[in-house]
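In the two complexes below, chain A is the common chain; its partner is chain B in one and chain C in the other.
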Partner chain A sequence: MPRSFPGYGWHREGVMSRVDEMDQEMMGQREGLPEELLPAIRCVQCGKCSSGCPVAFDTAHTPRKVIRLLQRGWLEEAGRSPFLGFCAQCQACTVRCPRGVQVSEVLLALLRFARAKGWVRPDGFHRSFEEMIRQRGRINELRLGLISQAGRLPSHPLEDLLLLVKMLLRGKLP
Partner chain B sequence: METPSSKTGLFFWDQGGRLGKALDLNWLLGKLSKTKGISCCSLLDDPWGPGGLSQVVEKVQKGELGRLLWVGRFSREQQGILKKKLAEEGFNPYLQEWCDLEEQGVCRDGLEQTVRNKKALLLIQMWLARVRLLEPLAPVEIPASDSLLVIGAGAAGLHAAVSLTNLGKEVHLVERQSGVGGKVASLHRFYPRLCDPRCGLEFSIQALSDSGRARFHTLSRVVSLEGGPGNFQVRLEKRPRFVDEARCNACGECARVCPVEVRVSAGSQPGGEPPGLLPAATRAIHPSLPMGFPVAYVVERQYCPPGCRECERACPSKAVELDQETREEDLLVGAILVTTGWDPYPLSKVEEFGYGLYPNVISNLQMEGLLGSPTETPKEVGFIQCVGSRDERHLSYCSTVCCSVSLKQALYLKQRRPDANCYVFYQDIRSTGFQEELYQKLKEMEGVTFIRGIPSTVRPEAGTGRLRLRVEDTLSGREVNLALDLLVLAGGMVPSQGSEELAQVLKLPRNSLGFFESHLQCHPEESQRTGIYVGGCSREPMGVAASIESAQHASLEALRFTGGTVIIDPKYPVVDKTKCDKCKRCMEECPFGSFYFDENEFPSPHLGRCRQCGNCVGICPLAAISLRNLTIKQMAAQIQAASTSFMDGKEPTVFAFLCQNDAYYAARDAVEAGLPVPPNVVFLKVPCAGYVNNALIADALALGIDGVLIGGCEDGQCHYVKGNQLVSKRSDDLSDKLQKMMMERDRVRFVNLEIRDSEKYTATVEQFVQDLRAMGPNPFKM
Partner chain C sequence: MRYLYYPGCSLKGTARDYEESLLAVAPALGMELQEVEGWRCCGASAARAKDRKWAVSLSAATLARTQDLGMEILMPCSSCYANHLRVLTDLEKEGGLGARLGLARPPRVKHLLEVLALDLGEEAIKERVVRPLEGLRVLPYYGCLVARPFPMGGKESLENPYSLEKLIRASGASPLSYPEKLDCCGGPLLFSRERVALRLAAGILREAKRPSPDCILVVCPLCHLMLDAKQRAASRESKEDFRIPVLYVTQLLGLALGLSPRKLSLHRLITSPAPLLAKLALGRA
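Now for the complex of A and B:
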């Protein structure tokens, strides 16, 4: 069964309860799709992308479902999909797609779009990572580790201490 | 034929007063009777009643009239009646014309009386100008052979040949392989009745042998084609069989002594797996393949050990002739049927499923072989649909049969092994028509699972050799993991291997997918070369039943060019050799490839191949080509007569050339429906928009016509392939020239009109007239 991700806001997996609401207005809003997401409308939902995806099925969505949400014009639900955080950009979906939908490119574009809209917020680690890149162009691993872990107690203090000693001995720390 | 006298009879039929109500007929008759060359000008009261035509017939009998113009609305049937009636009196039917004033809008409400009268007068004068130049014509007869050539002796070709021999025609069947039967012969069962296909094939082979009118040319191919419909001269190259067909009775003694074993490739996939039910290997001398007909054996000479003549020695009827050589044979046939069929798409190109890499991944054609052979039936079997089909990296189209094929195979698998589990991975199940029953039957069957989702890849299980695959069941969104014993890939169809070469020899256009081109809706079996018909899968992927039907339809069409003579309507083009400079544009642009070089190396149309569209007339830079019943001179005279303005001096006049298949009907119906078509337009029917030569447009503009409109079909709908595109391209060229002449390029317009585009026609003309008003009069206007 797919895991649910409470931290990622809302999604209603398989709910068909709103019998009194008509959905016409939510259909076919292709005009609203940003250009880089347009290839999604070519998809025939064959599922080849999900079948070959190394990270699908561990999340509530698969690449096929995200594309389907885009086809229906449900941009926000697609943008908030937990799958976007899992996609490894391995391109397996893009290579196998019989319709030439550049699936991983679309997913990446969607992630960027969702970030710009504020639907997806990076956590502390990602924020610090980006900030460092922006400021210096490279990562200081020690600082990144410390910042992202700041305010948290180490979960395995002894092992971590041993690791620190090992790393010092091998000259991995400055 | 001698030129008839120029004395013209002009007869009005006022349609029970309809014309008289709108026009001042007395004024018209008075004006016209004074025109030069008119010997008789009168009003017919009731041409269809008894004696209604007596005055016309009388005058014709006395020889007082050389040509006729009928004014009024005469339907096509009524025109036919008139033609027939006068032909009985010896009047050439091509010496008369019909001028319909009503369709040009002169009877429309809300027009000034003077405009009406002037426009009617002008129209009659235009048609008179044409009538003066009419020539007596007669249909041409060309000799036609009574035999036909069928290329490809598969199911489609054989069945078509049976129909043709039943009708008493002589049929030559050309087959690349050593035996007939084609792909169907290698199938285990075929739907909808799920019987053995060999039964139907044997039946037609017997019918053909019994008829005595069929000749089989196996191991042969067509190497050249000359002539045209009615008398195609075909040259065949026949590879040696090394066995005398007359002597061999297939006793098999030779195969018992043959020392060489040969893998069967069945001609279609060299070096590949044997398709379908054919034997995996034979001796170098073996019965014909795919079916044992012709009965004689065949020797694969390239596999013979040097010096070995064992079979020759063993043959009791002295039939083996190891020194035979390739020879050629010439045939004369009236028409050609192309039923070259299909080949399976090479599945090794679809890399993700490991075809050719893993032994238990097979094609659906190989599955036919497995189902027909006594090998053990695997238990867990997967079928992947649309492998390489509907896929922009491979084949963009649907091969239409693969869904039903997999359903059929799953059914037989379950019958052979009831505890087997079948998994069908699909995008859409396209079991059209009665095959739906098969689909529903299998859906309800235990152990058959339909999973809507296509696996991405397949991996062999270490040790066991089974295949592991993972797929998303897209309908539930769940992941499915399976281990299979056998995976069947439902691959699609591509045109058969030899079709490219054949297309070159027959000069037969193919579409971008490699299938032979035809007008798929109206004339599905008609190729773009007259007299050559395409049937079965060489034209479009289809099932066995559909391809037999299509080949038989093709043979029905082909009968036109057999039976002694073909009658050609005298509407074919003629080249004016005093003008022609042999630039060969007509040869290039003729959509049906009907031009050839005559003895003086002038391009000359083959009357049988020509479909009388007039695209050559339009393309000729020197306006040297004319259709016999619609010469460029007649058109020019008609345009010249139109130059006198019929509208108020300031109003622009528009001349329209309309394609008689589509645009003409749109214009006629616009007037009939009472749409506000501006009176400024006068139109002429042309056989195809491609007929309109730039010289005619230039003529019209030089004579002071303010604008020229050309109405052709929508792109891709032209019955003559691309006449509309040719003329719109040419009118673009002309527009450039106009601009150089300091004339607005917008004075020549092209519009795509479908048959029911009356409103579009009206709007286009309205807009055009408005724009022309803004542009001001044509500088050449006097």
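Now for the complex of A and C:
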């Protein structure tokens, strides 16, 4: 790009370098943040992660907002964010971040942190998954599905029942 | 070419059609597969949400088991592939981690798509095709983890991969342009946020229906579960009619290689592939 492009030089030498300076300052300030969450400091809140996020429109928060909470040092608010339960780890944010923040890694680390602190409890699916790996080393999908659904009505019970029968007939369930 | 074969939990359960078609297609393509003995679950997304060290140790256990064989490991499941590759990337970054995990000579891990499209290649497959699937309109769907966060084979594009299109061309069928090919199928959320998961799957199927394809092609058991088995539920959730057959890449290649639909386990699909087979004049699965 030519140097005469309006704003270009300003962008490259002004803002970006100032951001890098801020980066350094903030890194120093945020020593209270666990190491795995430190990359959040580099974020410039451009929102690219959230615009491409497949689940952002189903929750009150977006990845950008969770990262912002971390930057402010509001660990508990970030850890209790409803977004964490919706992230499917699709990695779109991670490969698109212009600042190289591995957003999905940060969110996952935050989830682990929040669980360790007791701010959020793992749901039935996660608990039975973990238990199954510990006990058998492999996953039995039928058992996993049944256990994690136990105690609540599926949103489409008829379709689910039909699918169960079909899968049994097709030999897809043990 | 010989590969170690890591099936993963799904291919022994809900995705047994993927395994059966892979084991049928491999010899026809000159590939020899040897199943990893005593393989363990990679932990999928659940182990990583609990404890990073534990998650790493799960994948590392399988890798350590195979390191003395000096062979590359082929993984048909995108989630298994990404998890094992993540451990290998961490090994490179953190010195000393390899020794701690008992991984002195870490083996290479490859996704099935990578082996087919990059190692074997479009031309080599085309040479073995005996029944070109001419006139078949196929939608390539990658899903997330085969393309992200690690570029496949270290060189494939993160945002617009083209390997699946090449394989479709090799089979004689026509790949259709599909901007949603990297969107999330919602699979990891199926048991925790079912409605969100079904909405994501419905979005993919809705866009897939526009160019009126004969089938969608997938390379991951979880994508297949969401688009094939859960298609009816997604249809109910979004109040739309889809009815698009969803095939594994191995099933489509198998058809082009002259294998019978039965041998490729097309009879195990939940959404009926009958219109597709009728178009190819192959009768019932």
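FYI, the second predicted complex is superposed on the first by the 127 of 174 C-alpha atoms of A that agree within 3 Å, B and C clash if a C-alpha of one lies under 4 Å from a C-alpha of the other, contacts with A are read in each partner's own complex, and residues count from 1 in each chain.
Here is the rule we use: contacts are C-beta pairs under 8 Å (C-beta built on N, C-alpha and C of every residue); 3 or more make two chains touch, one makes a residue touch a chain.
Just so it is clear, the structure is predicted and the values come from calculations on it, not from any experiment.
Asks: Is chain A touched at more residues by chain B or by chain C?
Replies: C
Asks: Could you say whether A:Leu111 touches chain B, chain C, both of them, or neither, answering first, second, both or neither?
Replies: second
Asks: Considering only touches as defined above, state whether A:Pro98 meets chain B (first), chain C (second), both or neither.
Replies: Only chain B is touched by A:Pro98; chain C is not.
Asks: State whether A:Gln135 touches chain B only (first), chain C only (second), both chains, or neither.
Replies: neither
Asks: Counting only touches as set out at the top, which of chain B and chain C does A:Lys48 meet: first, second, both, neither?
Replies: first
Asks: Should A:Ser148 be classified as contacting the first partner (chain B), the second (chain C), both, or neither?
Replies: Second partner only.
Asks: Overlap of the chain B and chain C footprints on chain A, residue-wise?
Replies: In chain A, positions 92 sit in both the chain B and chain C interfaces.
Asks: Enumerate the contact residues on chain A facing chain C in the complex.
Replies: Going through chain A, the ones touching chain C are 36, 54-55, 58, 85-86, 88-92, 94-95, 102, 104, 108-109, 111-112, 115, 122-126, 129-130, 133, 137-142, 144-145, 148-149, 154-156, 159-160, 162-163, 166-167, 170-174.
Asks: Give every residue of chain A touching chain B within the complex, in rising order.
Replies: That would be residues 2, 14, 44-53, 56-57, 62, 64-65, 92, 96, 98-100 of chain A.
Asks: In the complex, go through chain C and note every residue touching chain A.
Replies: 9-10, 12-17, 40-41, 43-52, 58, 144-145, 148-149, 158-159, 182-184, 186-189, 191-200, 229-230, 232-233, 236-237, 267-270
Asks: Please give the residue numbers of chain B that touch chain A in the complex, ascending.
Replies: Going by the criterion above, the answer is residues 352, 386, 390-394, 427, 452-457, 469-474, 477-479.
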